[in-house]
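Take a look at the structures below.
You will see two complexes here that share chain A, one where it goes with chain B and one where it goes with chain C.
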Partner chain A sequence: MKIENLGTSLTISEIPELTAVNSASFRDQVSAVLPAELGVIEIDLSSTRFVDSSGLGALFALYRATAQRNGVVLRIVNPRPEIRQLLELTQMQQLFEIVQR
Partner chain B sequence: MSVPSLQPARPTTLRLAFAPDAPSARAVAEAIRTFLAEQGVPEKELFSYELCIAEASNNAIKYAVGPARELQPVAEALFTPDRIELRMTDHTPGFVLQEKVPQPSVLGDSGRGLFLIQSVMDEVRYLRGAKENILIMRKRRRAHQPPSAARKSDSASGLSLEESHRQLTESKSAHASMAGELSFRSETLSAIFRCCAELGRSDDVAEGFGKRLLVDLFHLTTADWCVLRLLSPDNRTLAVAAASDAELASEAIQLPLAGETPDGIEATVAASLTAARFDLREDSDRAEPLRAVGPEATGLVCPLVFGGKLVGTIAVGRRGGDFPLGKLQDEVVHVFAELLATQTVNLRHHKDEVRRKVVARELEIAQEIQQLLLPRTLPQLEGFGLAGGWQSADEVGGDFYDALAVGEQSLFLMVADVMGKGVPAALFAATMRGLLRGLAARSDDPAEILSGLNRLLYPELSAVNMFITAQVVHVDLATRKITAASAGHPPALYVPPGHHTVVPLPTHGMPIGVMPDTVYRSVTAFLGDPTTLLLHTDGLTDTRNADGRPFGQNRLMGWLSANAIAGHPANELRDRLATELNRFRGTAPMDDDQAFLLLTEASGGAIRSDGSRGPHIQFQRGQFLFPARA
Partner chain C sequence: MKTLLICPSYRFALPQLVEHGPLAIAPILGECVASHWIEYLAGLGATHVQIVAADRADQVRATLGDGARWGVRLEVLAVSVEPTLAEATARYRPTGEAGWLPAPHEIVFMNHLPGCEGVPLFSSYATWFAALLAWMPRAMTPARIRVSEISPEIWVGRRAHISPTAQLIAPCWIGDQVFIEPGAIVGPGAIIEDRSVIENEARVVHSWVGPDTFVGPMTSVVSSLAWGRTLTNWRTDSALQVPDPFLMCSLSSAALTPAFEPFDRRTRATATRPLTSWLPSWPASIPRPAPSNPPVSSASSL
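The block that comes next holds the complex of A and B.
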């Protein structure tokens, strides 16, 4: 997993999967680097093969951790179609902006 | 020649038990994905199956408690070209799977797993068992064309392409039906095992076992409604014990009397003990309780029979359209009906057993009441000894005695026998003892006391067809005068002055409770030397030995004469009499209560149970003379 901190934006990428195995560590690693001033958080799922409900839980935790802050954009980038369906099924697209690039 | 390769309809299966931790669960989900990929499941479907296994295994790990957390969950994948079934066996306490798990709130943090599983699979069931539960997740697939085996088939086989194709199709369908039957039977069997496991947990046929069974039956037969009715205790009606829908819990059905025509399908099945299929569309005019299901219901009604007798009925079917009852479904309904009938009867026996225990406990309580009724201590008398003996043939007896000191120098003795057993007899004994105490304060005359008791007790006794025999004796200790009256009771025995043998006091009278205004007469006599007076119930003289011979009054008088002369103190004489009665009875069962009171000389203070000096001898009644029958 790679985390790039560009001041007001945070990009998390190279996540092979987001599951019960690593969702807690994902949450911890990301919250450890959340800057005080925050514009955009991008979670790049290009290389993510699998997400389960624990993974969704980790994404949701990220939403909760930042929801109080004004103007924060949460963005999920390039999810596979199956994962995109999963996000839609669980209405996570209401919390995250989902984009394909 | 080459044999056409067949696409098997029997499922290809992968079964994996795994350590209850997240990495193992993850590895299992991946292994199942790989397995399904090997079966040719396309990439775009694999995600769903991997997800289901991941969610199910996460739950299996997360919700296990106590020692079950060490147990390995088991994941299974069953693949046939037209169906994929995933199973997860967990060791959690289980949960109730809603038919449709609601969409979890997007802001909620949990509850997504089952929702996701239900969203991606066609059918999800959760079978709860005693030690483990199974989550079954099914997905129907478009039947795949078998690999182009026919096309490749060797012309040397001599089979035409069409012929090969036909054979292939036939074989496929034969395999499919065999696999179907096998899986159906195995599901039936596991449903029955689960139900049996359920048995120990519930003692209510309808609420526990029956409902559980119905759920499985329901599913196995692909019915969409079912009703279980059980025969009422009076064998007259069939009442709903469990139903799949509240509106089907209709009124009890009357069973036809001999010669009457049964009213409705269930009543007909119950009356004939023969299962019947039905189709309400065929006869839409007839009044029919099953019409509550819907105007187009179809199905099967099966009798529950145990030992050739009706226990109830079970009806299953569909609301509309044909109820697909093949031989297998038919069979499974019958198997379930048999199991239900057996268990219903078993549970009823169990309930009866509980009821018996309750009755036994009631009797114990009544016996405790009765023991309290017997005087704890008898009056202390200067120069005399007094002892009482009591033994009951049943849990609760109707015999009792009482002794009451009146002033310094006189004494009332009473022995009575309430005709009847059990709690009512004990209650009358209690009442009578209380009344005696009240009446004795107003009169010294036993006849007046008996008349009073009769007057007061007659209304209650006659209302329940019971009566009481009693012997009441007033003893003037100073003058040694005894005054006695009897209400249908065996006479008191005593040694008159100048005699060496006991004689009966010639008292006569009607039992208490027979006539509203019986007048009793007292007789008087004087106590001789040594002082010997015995009041007893007929249980003593009626004691029978193994040959059926009664102890009898003569034997009692002979025994008492012989032992009275020896001048035993009351306690000792009582013990001797008890021993003698038991010796005579031997191994014969005790069939009547026994109660008696003995008044004797105080002899030399030998039995001074309270350790006091002086002439007062207290005869403790503290324990029952005869061991109570087990």
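The block that comes next holds the complex of A and C.
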């Protein structure tokens, strides 16, 4: 997993899967680098092949961690179609902006 | 009067549907494609129905039986390749033989539902879903005594259980022995096939839920075909095997572990609840959109 901190934005990419195996580590690593001044968090899921409910829980934990901060944009970028379906099935698209680039 | 039905064989456009069984016995509003045709042709006076099946003919035969249910003699003929209409005519309809239904019902290719020639069933998931919606008002034939129209364009199976706090939005079809749990929103454009369970606060909009399918609490099935643990978006053809059974799974005996088998379907659905109890509060905290059409709340048990 690669995390880039660009001051007010955070980009997380190269996540092969987001499951019970690595969701805790994802949560810990991202929370450790959350800057005080935060504008955008982008999670690039273009290389993510599998997400399960633990992975969704980790994404929701990120939402919870930033919910108190005004104006923070949470964006999921380029999810594979089936992962987008899972996000829609669980209504996560209401918490995250989902974009295809 | 004789008639011949040609079953569609494998269709590459519909892999998730074909994996469940031959398309001729794919479930549509509580019956299968072939059943709708046999009932229709029996109504036109057919007494002997031959069915040509190139895909899993044994399953077609086992599902349809001998035709006594429709008052006809039914034969399923296994072939290796799906014949065209012309090939079937040449092979099975001797020139000048009397006793056949008049055209176009002497030989029928089941690539659409009766009276819906303009809506092909098996071209894509989108056309499959469009054909089901078009068929919904026609499906209430006199023989369908287990389903009633409780409100305009809302059909409900007589043994369905619908929570008083669930919302049914027309048009929608709730099959027999379906459970719609509190706070669920079904419709518009929703078809829930027999013996499925739509859990608390779940949404099913512009979608088809196959038979024996559990749709978990707080989930949102939109523009999709959901059958067992397979979720297919009919707009994009994208398909997902849902990873966690508390989100969506099959309730059929074949899909369950032996430990579940002695229990009935409601018990199986209830048994999935402990699986959901550990969930974080995220589904409940997601705002729910308001329904676009006026809802109809139903009685608790119909």
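A few points about this structure:
Following the convention adopted for this analysis, the second predicted complex is superposed on the first by the 101 of 101 C-alpha atoms of A that agree within 3 Å, B and C clash if a C-alpha of one lies under 4 Å from a C-alpha of the other, contacts with A are read in each partner's own complex, and residues count from 1 in each chain.
Here is the rule we go by: contacts are C-beta pairs under 8 Å (C-beta built on N, C-alpha and C of every residue); 3 or more make two chains touch, one makes a residue touch a chain.
All values derive from a computational prediction rather than experimental measurement.
Partners chain B and chain C, brought together by superposition on chain A, clash. Judged by the touch definition given at the top, the superposed model places A:Val99 against neither chain B nor chain C.
Contact with neither chain B nor chain C is seen for A:Val33 once the two complexes are overlaid on the shared chain.
By the document's definition of touching, both partners, chain B and chain C, reach A:Leu56.
In the overlay built on the shared chain, the residue A:Leu6 is in contact with neither chain B nor chain C.
When the two structures are aligned on the shared chain, A:Val21 is found in touch with chain B, with no touch to chain C. By the touch criterion defined above, A:Val73 lies against neither chain B nor chain C after alignment on the C-alpha atoms of chain A.
Only one segment of chain B in 8-16, 26-34, 62-70 or 98-106 runs into chain C in the superposed model, and that segment is 98-106.
The contact surfaces that chain B and chain C form on chain A in the two complexes overlap at residues 50, 52-53, 56-57, 60-61, 81-82, 86, 89-92, 94-95.
Those residues of chain B whose C-beta lies close enough to touch chain A in the complex are 22-23, 25-26, 29, 44, 47-48, 50-51, 54-55, 58, 103-104, 106-107, 109-110, 112-113, 115-116, 119.
Of all residues in chain C, those touching chain A in their complex are 218-222, 224, 231, 233, 236, 238-244, 246-248, 279-280, 282-283, 286-288.
Against chain B, the residues of chain A that register as touching in their complex are 19-21, 50, 52-54, 56-57, 60-61, 80-83, 86, 89-92, 94-95. Looking at the complex, you find that chain A touches chain C at residues 50-53, 56-57, 60-61, 63-64, 81-82, 84-86, 88-92, 94-95.
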